[in-house]
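Look at the two complexes coming up: chain A is in both, with chain B in one and chain C in the other.
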Partner chain A sequence: MKTKTRRFLAFQLASLLAVAGFAQSTPEERGLEIAREADARDTGFGDSVAELEMVLQNRHGESSNREMKMKTLEVSGDGDKTLIHFDRPRDVKGTAFLSFTHRVGPDDQWLYLPALSRVKRISSNNKSGPFVGSEFAYEDLSSQEVEKYTYRYIRDEVYEGQDCFVVERYPVDPKSGYTRQVVWFDKQEYRSLKIDFYDRKDALLKTLVFLDYQQYLNRYWRADRMEMVNHQTGKRTDLIWKNYVFGNGFTERDFDQRSLRNTR
Partner chain B sequence: MWRAGLALALAPFAAQAAEWSGYIAGEGRIFEDRPLHAGQDSDPSGALLFEPEFFHEWEKPELLFEFSPFLRLDSQDEERELFDIRELSLLWVNGNWETRIGISKVFWGVAESQHLVDTINQTDLAANPDGEDKLGQPMVHFVYVSDFGDFGLFLLPGFRERAFPGVEGRLRGSLAVDTDNPIYESSGEDERLDLALRWKHYIGDVDIGLHYFRGTNREPGLVLQSGDGGTPVLRPYYELMDQVGLDLQLTKGGWLWKLEAIARDSASDRYSAMVGGFEYTLYALGGSALDLGLLGEVHLDSRGRSAPVPFNRDVFVGGRLTWNDEADTSLIAGAFVDADNGSTNVRLEFERRLGRFYKLEVELQKPLGIEEEDPLYPLRRDSYLQMTLSRYW
Partner chain C sequence: MNTRPAKEDPNWIVRLAEQAIRYRWAVILATVILTGLALAGLRNGVTFETSYRIFFAGDNPQLQAFDALQNIYTKDDNVMFILTAGKDSIYEEEFLEAVQWLSHRDRAWQIPYTRRVDSISNFQNSVADGDDIFVNDLVPEDLKLDESALAAIRRSAESEPALFNRLINGDGYTTGVNVTVSLPGVNDMTEVPEVVNEVRALADEFAIRYPDIEIRKAGMVMLNNAFSESSLKDMGTVMMPMFVVIFLIMAILLRSILATATAGAVLMISILGAMGMMGWYGFNLSAPLMSAPTMIMTLAVADSVHILVTFFSELRQGRDKRAALIESVRINFTPVLLTSITTAVGFLSMNFSDSPPFRYLGNVVATGVMIAWAASIFFLPAVMSLFPFRAKAKAADHAKADSSVFDALSALLSRRRHSFLAGSIAVVAFLGFLIPRIDLNDQWVQYFDESLEFRQHADYAEENLTGMNNFEFSIPAAESGGINEPEYLRTLGRFADWFRDDPDVVQVNTIADTMKRLNRNMHGDDPAYYRIPDSRELAAQYLLLYEFSLPYGLDLNNQVNVDKSATRVTITTRDVPTKQLRSLIDKGELWLEENAPEYMHVRAASPTVMFAHISERNIKSMLWGTFFAVLAISILLAIALRSLRYGLLSLIPNIVPAVLGFGIWSALYGEMGLSLAMVSGMTLGIVVDDSVHFLSKYLRARREKGLGGEAAVRYAFRTVGKALVVTTLLLAVGFSILGLSSFRMNSWMGQLTAIVIVMALIADFILLPALLMSLDRRRKKRAPQVEAPDEVPVHV
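Moving on to the complex of A and B:
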């Protein structure tokens, strides 16, 4: 009887401590914790390839499409390597973009221009610029390393019927186009469901929503659809991801300057 | 005729859902002034360009087949008419080894205003005076990829002659080059086997390349001779040469610092030349989506004023505007200024996609105050506007 009470008390005490522990961690620590957990849950995917259709729409509702293939290689201890081959529109077919993201410091980027068979190293200072005329900036599409932001947990909120953490993150790089981003992570799987982007004047610039999440290798979640709306211009860009394949056995050789030309 | 043959030859591939793409384009050129040289046509000229591309990839073994013929018909200058195989090659990637066999195109270099170290492929000077159009080169190309960079060996059987504008064409010297009667130093003429070595690497912010080339100089000397009936003709003279070269780029923030240098040795000449400069990009100009790239490059040639090339002691200043819009609109404009005599040549290139399948390109070249001693003097009246509309598929 005694032991039972003691055990019960001990349990109560532990849960109290846990609650107290949460209460004691600052919103900054809490935000970082959530970002680390989200990152940890996506670690170990190895590599992936997917087809991507980009639908660019202006405020009059006129749209144009781009199609590309995106390969990703997870690099342990650093940012991912990404290789993008363009297929449509046809005049840019064969153009390719290679990016080595780094946790700290500027990324390395190369562009392949098929008309001249030329590989050109380009500046990665363009991170806040639009990626191929879309509403996605380079920094929105590059791999989201924990170290690229500082964090602050804001509140819990139900978004689209899912319990979420709402976390603000502040880009470390002064070249970023944003003062802050507000991210809705679902508590179940730590997936980003929505991001609000605030421009350098701290005005709401864009909102990105992630739709139709699918799970791969019984672990990694990828949204089939990403919709970015620019509130200031009325333009939008939808990304439609198709044919995700994981575990391709890619190596660094599939992500070097030669591979810009060698595959499509 | 050849097109029908092509379709037949490639029919088995098509069944495997292989990929065809390409473009057909109409090009028109208008010159501001009447021509300067005898025989030149003063009317606007038109050209039709056709370049289909076939591509197929296999995964195991890792093979890549590319085929890209090119056809150009011209309303004015028969020397501008060309059928070329730009690409007909098979690439085999085997781990760290790559082998490419066939006709292909290779680009070396980092500079924008001149491609000094870009040696392998012959320039199609009839196509455009900017020298960016190249002819397909037969090659066997081995590459070994290592942690110390990519080591390449080129065996280049078969030499391609440079294409020059003909008698009726503009953008030439006072005499048209007699491309039917080239002179070769090598007894093998255009069947000599040329050789090149290439090393390419990147370390952090630095991209570096070195090369050695031994073979027939792609850039001919021009020899004045009297032809039939004593009329003077200009014959291209293709000399043998040894060349070493360097290309280097430092990428720091918004700055690209660039350097290309070569040293050439041949029976008639021994010299070195370089082009170096920067490209600085101002992103999101005035809060818009526009980027403005500022370009500055310096051209030097150890032969100084006596160099038989336009880029002996010249400066290039220019800018590149990129709209970052859905039509991929861009404008590049610049001026080549001779530091010795002030002769200036202004060039402008604009492009924009129209709808999903069309692209419009506008090009303008205007020589300003070309001095008599400048190699561009014979082209001083060849200010032109060119418009190209391409349909891609």
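Moving on to the complex of A and C:
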């Protein structure tokens, strides 16, 4: 009885200390902790492939579609490798885009042009431009490595009925198009539910909303739908993901420059 | 002036005047309360609109075309910094470092609502790099700027169609940094100044940091800002002198400080009441509306002066203060009402205008004129009755000396009436003949005079860097993704080259040039490959590669639509007259029709195009406005003169002044703009007063005194001649002061109105009497039996 009570008290004390310790951590530390947890929960998926439809819309409501297939290979100790193969529009069918994201330093990017049957390296300092004319920048789509930002926890908030951490993150790369991003992570699964992007003059530029999260391999969450709205131009781009497949057994050889030429 | 149309039963007017004096405190209080209520209208969210867009109604086809174009691409305005090297050229390390500093993400990109910044340093140049293509800033931040690097930069810049004559030119001394902003358009009143303040602060910081480099500002945001800046400036150079001059004139005419102060109060009530009512009407302030106070003051002063002059003349004839006031109101009530209504009708004709600010102006001034009438009839006598004015009988003998001039004039007119009539017709015909020679011209830079910084800087940019005018085509391709078709791109290229051959064209911007450059890059920068790629797939993939390489803000979304089925071609021109510009645009549209596939046939759009059509649209709409004014005023006159015949006759001296005025304008300036389209209808209401007064006196002489034509003319001259001269001078001075405005729409309107008013006096003093004498004499000779029944028989 006595020992049990003592043990219980000790446990209580320990949890109190833990809570106090958590409370004492700076907003920066807390923000980083949340980002790390989100990253940790997505680690170990190995590889994936998915089909992607991109719907671009201008202020007028005129729209245009792009279709592509995206393969991803998780690389331990560095950023992921991604291969994007374009199916539509037909003028760029067969075009493929290969990128190696790096935790530190600029990413490597290549583009294969079937009309020339050549692979061209892309100057990687321009990651802030629009991805194939959409409202997504390359930096919005590339893998979100923890090291690419510094963080700051802002507050807790209920968003769309889910308890969320609201974290601000600041791009490390001076070539980024943003001064900061505000991310809503749900407390349950540490998924990004919404991101506000602030431009170079710190004005709200875009909002990205993640919808219809599905769980794969009982662990990894992927949104079926991502909607990006540009508040300054009235344009928007929706990404619709289909047919996610994990565990394809991809290797480094599926993501080299030669593989660009025949991705089908 | 003691105008009194005959057979008026004045009893109720007398009673009205008596009541106004008896309950004078109530009248004064009511006036103050009503003015206060009107002023409360300003709290209905009245703002100062500072956008060129306000001149275009929502259904304006050129505005709709431009909006459609902006919806497809991006909705942009711009600010252009113009940098001039003090010594050496812009292709020097220190200068290029300054351009980099200004176009850095921490500087120009920080201006509110900025979407992109284009400069020679961040231009996304593509070069062949071995087998790869390398896209980077033309002047990268880490580049060592030695002689050869500088020479290479100059070579690239001068051979780049997207830069040459846009951000640089051949002389090598000036360059532009163009900041594209997307104003939300929620509140012009704050958005434009917000941008401009930041632009000025940045320019000041630049000037301190780089004292050897001159920095200037131009662009659409600065244009928008100029509308409010010119209005602010005009408060000092137009409104203040106007107040001073009007009070001086009143003091001289009335020779009484108390009377001048009272008349001044009437003016203030009219202006404040009208501006307040503007709020109740739901109008916003804008540069054209800033002329309303000056116009109201000019038009309203006559009412008070008429009543006060009669009042003092009655006093001199021995009446006491109260009787003199009542008599003055009795005598002036109808003529002042009639002239106020006709003036208001003239201004209301501006509602036919296609340009909303001028509709607002017309309504506000019409309101002010009617408030002035009411204040002169009620408030003025009520206040005057408070002051100690005593009867002082004096022999008014100098009136005789004045009228001798008019006697001489009427004698001369009588003797040589045929020559005068013929001469008048010749002058009217000659000046009328000049009118079609006026060119419609709305060059928006020239809306502002050289005293404004905006104009100076825009002129400088025009002379030293690029043009301030442009027009754009959104040229569709055959299908989705069709902009990559070689046929489409080659046609674009030929279209651009065709424009480049025109001496008025400064620069042409098209994606075809980017395609040619990319094709060259892909072939090891071999100049032979500076041409459109051979296949659609090649072009599409080059473009994809290029787009992948563009940094934040410098994308192609402002040139290519999302569906890749249309691109934007922008043609920048010199500041040529509107007529020349329109012919250039027409020729361009025709070129497309004759040389391009049908799906590429489109029309141009831009603010410049909108202004290029605005005068013509307004002249057409104001023809109806003028017709309405003529009709309404003729009916009023026929009723007032109680004669259809003389009502119709009065049309001649009322329409002729506008003909003379526009003819003189043609000889003086040879061109006109938007605001002058309003002048014909608007002045009609003002000039009609002269002929009403003259004709009513003439008719009274014939009907009541039974005088013949000649004698009746002499009588009319004697009784109203001097008063007409005085009011004409007053009006001419008032509108001439408006002619000093730094905003051309207002200054031209003021100047032409002053001219028309002076012409009206001349017409009423020469043409009208000559006409009356000829007509009435001939009529008597030929058909003495056809007398109008209500006219008193004439005995010579």
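Brief remarks on what is shown
Note that in this section the second predicted complex is superposed on the first by the 259 of 264 C-alpha atoms of A that agree within 3 Å, B and C clash if a C-alpha of one lies under 4 Å from a C-alpha of the other, contacts with A are read in each partner's own complex, and residues count from 1 in each chain.
Convention: contacts are C-beta pairs under 8 Å (C-beta built on N, C-alpha and C of every residue); 3 or more make two chains touch, one makes a residue touch a chain.
This is a predicted model, so every value here is computed, not measured.
Superposition note: with chain A as the common reference, chain B and chain C are in steric clash.
Which of chain B and chain C touches more residues of chain A: that partner is C. Once the two complexes are overlaid on the shared chain, A:P106 sits against chain B while remaining clear of chain C. Once chain A of one complex is fitted onto chain A of the other, the partner contacts of A:N58 extend to both chain B and chain C.
Touch criterion met: A:F97 reaches chain C, while chain B stays clear of it. In the superposition on chain A, contact is made by A:A203 with chain C only, not with chain B. Touch criterion met: A:L116 reaches chain B and chain C at once.
When the two structures are aligned on the shared chain, A:T26 is found in touch with neither chain B nor chain C.
Of the two partner chains, chain C is the only one touched by A:Q232; chain B is not. Touch criterion not met for A:Q215: it reaches neither chain B nor chain C.
Contact with both chain B and chain C is seen for A:S128 once the two complexes are overlaid on the shared chain. Superposing on chain A, the segment of chain C with clashing C-alpha atoms against chain B, chosen from 4-12, 130-138 or 310-318, turns out to be 130-138. Overlaid on A, the two complexes show chain B and chain C touching the same residues of chain A, namely 56, 58, 64, 89-92, 116, 118, 120-123, 125-126, 128-130, 132-133, 177.
Note for the complex: chain A touches chain B at residues 56, 58, 64-65, 88-93, 106, 108, 116-123, 125-126, 128-130, 132-134, 177, 253, 256-258, 262-264. Chain A contributes residues 56-60, 62-64, 89-92, 95, 97, 109, 111, 113-116, 118, 120-123, 125-126, 128-133, 137-138, 174-177, 200-201, 203, 232-235 to its touches with chain C in the complex. Chain B contributes residues 19, 21, 23, 55, 57, 64, 91, 93, 95-96, 98, 105-107, 109-110, 132, 134, 143, 145, 150, 200, 202, 207, 249, 251, 253-256, 281, 283-284, 289, 291, 323-328, 353, 356-357, 359, 390, 392-393 to its touches with chain A in the complex. Touching chain A in their complex are the following residues of chain C: 68, 71-72, 74-75, 105, 109-115, 131-136, 182, 480-481, 484, 522, 535-542, 544-545, 547-557, 560-565.
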